[in-house]
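Down below are the structures I want you to see.
Two complexes, one shared chain (subunit A), two partners (subunit B, subunit C).
Moving on, here comes the complex of A and B:
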């Protein structure tokens, strides 16, 4: 006799999940009305474009690298400014250190709204207000990076800073004592790791952001694509790939170190 | 001078040095991209003014016009999530340490996936627009590529985290490769699969907001269109619709997660 060992309710729910997935998928596919001829034409174009891609040239490499540096710098500056703003605000927002509950609540809602709007949209708005260029990139990135940092900082303050904050409060320390002597020294390394992680995310984003007019290597990529210059485009893609790949490896290292610290 | 003092001094010097390096890097950055601090600082109030004066109030006259892009975006999300989760599932099984049929397969797939993931999504979208022309098709394919890059890695990680003992027990009974997958690995992997797939759906909704910028359909095209026409009050409406959509999708997926896991 076969004895079922799996949990029945879980199994039923999982089946339901897949059923819903299929039931949603089929009408959506028909709704989108993808045309087979368009697909076939696109596929037929692949060999031609691949040939153009493969005429790789090193001519534009210096230009690409300068623009890459610009991208990294945009990310760097926006993270530096964001860290300053986020440090100031996250102690006002975090539950354990908030001086005023109502202010904290309002700020929390604002941070959620800022986080919901994708970075690209922020940069688009900044470019529309400031004009094309690196400054618009820094301004546009400022909002999502700050809100990300505030969110992760407050989570850390609430989680890890509780004991030292309570100890200083019990001794009659002021808010400044709590923040400067209690929370910051205990959370110093965690904050640094979070900032590094955020910096790497931001670099990955700046590469894209040039494509909407915020300066950096994305501007070049967008130019190549709109003028159908595929040979330098491949070079650009490779430069971006190598940079982001190295960054990803660094992020993994940081995450590992964070994990081992937490244990 | 004793040892402790020297150590303390060394640490101080190190801290000073990193601070100096940081200041130097900041100054270099400011110089390199010709970052004008005064102009930047005066730009912030201008930007806020732009957001709160030019964009307000949102133009609510033709809300029905935006129904189509919202439905498009949701349909994009469903189709791209389902297709990419199926493809990524197969790749993940071939790619994870404990289920890969051959090390060579694993290394090759890993490098391909890492390439797909590390080329920015907007670049993929733009190339696909060149291939397939403006419309929904490049958008769908870009989202599928995004999904494959993202999900294969996460699926593979969850498969690698599976409890080894169950797999060993099934292996000890002389199970074939497929039986091993079916009886030991898939049941343990299911929660991870569902959770990441739901997360992917959230990401596609956010991403399809961006896709419109390169002409690949979705609600992003409305943002781009209204901004190019300087109809900022309509842009505000679209952005608000997008925020609501993202929050609703996040809420729904969160509920599903609570029910299922």
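Moving on, here comes the complex of A and C:
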């Protein structure tokens, strides 16, 4: 008989896991009515669509670019406002710097609730109350962006900011000294990197959210899709792709420079 | 000599249930240089942190220059803290600020929020801070960023920051535990010389009995949250030391171990 080598309980768990997956997969397949014929037809249409796609037209480029600019501006504005709000609240919420534990607790719960509601829902809510357009975009993005920043900021304050906070507190500094002279200089680069990352994410989000009425280039893309105008659609997708690619490169560069500065 | 600090029946229970301090009574007179020794987990750090209430005491009284620290409101507590300098094992400098700015932080306890946040230190304070840096041999590092310094240099900045407070008392929590023997000597000399010259009392946690004997005017031994020795360094015999470290003898030689393993906790100090 061969000598067994594995941890028995772990192996049993793994087997059980895969079994459950397979058992669940089959009813799920039937539930959604996925049909093979529909799939085949779709595949057959691909060359046709590809042909339409390939007729890139530059006609809509100016329009696309202005809308893209709107998207980026929406993202920028919501990030700037979010950063201000998050900076103020993070130090009130973080364990290390919280002036009042009960206030911190209440705020933390609020942030969690905001985070569990998806961004799309926030934007839809904003659209419902403000009407279509950029205003709804900025307002809708504000909530998820701020809560994301608060969560990342507080984690950093409690982790990297502890020592300097303790030092300033020990020498009799006020809460403002602790935050502005101790924590913020310590966390400055980390915060900048987080903000850059968040901006990149938010731009990508505005593109998608434009499709639900938040203004920007997403609105155009949505129009093209609903009228089957594949040529300008491809142009639009390209524009978005290039922008996001450049943005990613830029934020990476920023992060690298910050890291080398902080060593 | 006047009584600077009077601790009575100080007890600290942490949330987890550990009794870190169990009825400590301690009087500190002005100009005393007291070394606190004891094995790891004895409660040395907790004792120092209760004095300036970085850790909230569970019970007991702490009297600093006639002010009841454990009852002080936040304004009075700030006032007490501004008169007590603290030196940390991990230096606790603000690494992205200049050495001079770090030393000037020692003045924050005497400044309003606005003046501090906008760095309105007086020229007088700046002159004194630079003089302090000269005194500990950091005249060429004044405008360097704090994270460009070596461990020993960082700790000397920490010492200057505490001195800049012009305190009555300095609390030093294992100021040399992360340093090699040579830097340790420089740092201990800086603390001891300045405290003696300026008549500052000092409570310093140490792992090494020899260092404690070399500098202290009085030694306190703590074990399991209780004070088990209190006397002049001459009175601390090998017998006493062994008693304090009983069952934890290896820790008496902490420094040697630290030399072989400069980075035992995985944190970078250099």
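The rule is short, and it goes like this: the second predicted complex is superposed on the first by the 236 of 263 C-alpha atoms of A that agree within 3 Å, B and C clash if a C-alpha of one lies under 4 Å from a C-alpha of the other, contacts with A are read in each partner's own complex, and residues count from 1 in each chain.
The rule is simple: a residue touches a chain if its C-beta (ideal position, glycine included) is under 8 Å from a C-beta of that chain, and two chains touch if they have at least 3 such contacts.
Everything numeric here is computed off the predicted structure, so don't read it as measured data.
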* When the two structures are superposed on subunit A, do subunit B and subunit C clash or fit side by side? -> fit
* To do: Using the touch definition from the top, say if A:176 reaches subunit B (first), subunit C (second), both or neither.
  => second
* Using the superposition on chain A described above, determine whether A:167 touches subunit B (first), subunit C (second), both, or neither. => second
* Asked: Is A:25 in contact with subunit B, with subunit C, with both, or with neither (first, second, both, neither)?
  -> first
* Mind working out whether A:57 is in touch with subunit B, subunit C, both or neither, as first, second, both or neither? => neither
* To do: Using the touch criterion from the header, give the chain among subunit B and subunit C with more contacted residues in subunit A.
  => B
* To do: Kindly classify A:252 by the partners it touches after superposition: subunit B alone (first), subunit C alone (second), both, or neither?
  => neither
* Is A:134 contacted by the first partner subunit B, the second partner subunit C, both or neither? -> first
* **Gap in Å between nearest CA atoms once subunit C and subunit B share a frame through chain A** => 8
* Asked: Any idea which subunit C residues touch subunit A in the complex?
  -> 52, 54, 78-86, 88, 90-97, 105-106, 108-114, 116-117, 119, 147, 161-162, 165
* Structure fact -> subunit A residues touching subunit B in their complex are 6, 10, 13-14, 17, 21-22, 24-25, 28-29, 31-35, 38-39, 41-42, 45-46, 49, 69-70, 73-74, 76-77, 80, 113, 116-118, 120-121, 124-126, 128-130, 134-135, 138-139, 204, 207-208, 211-212, 215, 218, 221-222, 225, 228, 237, 240-241, 244-245, 248
* Complex interface listing, subunit B residues touching subunit A -> 25-26, 29-30, 32-36, 39-40, 43-44, 46-47, 50-51, 71-72, 74-76, 78-79, 82, 114-115, 118-123, 126-128, 130-133, 135-137, 140, 187, 190, 194, 206-207, 209-210, 213-214, 223-224, 227, 239, 242-243, 246-247, 256, 259-260
* Structure fact -> The answer for subunit A against subunit C in the complex is residues 163-164, 166-177, 180-182, 185-186, 188-189, 262-263
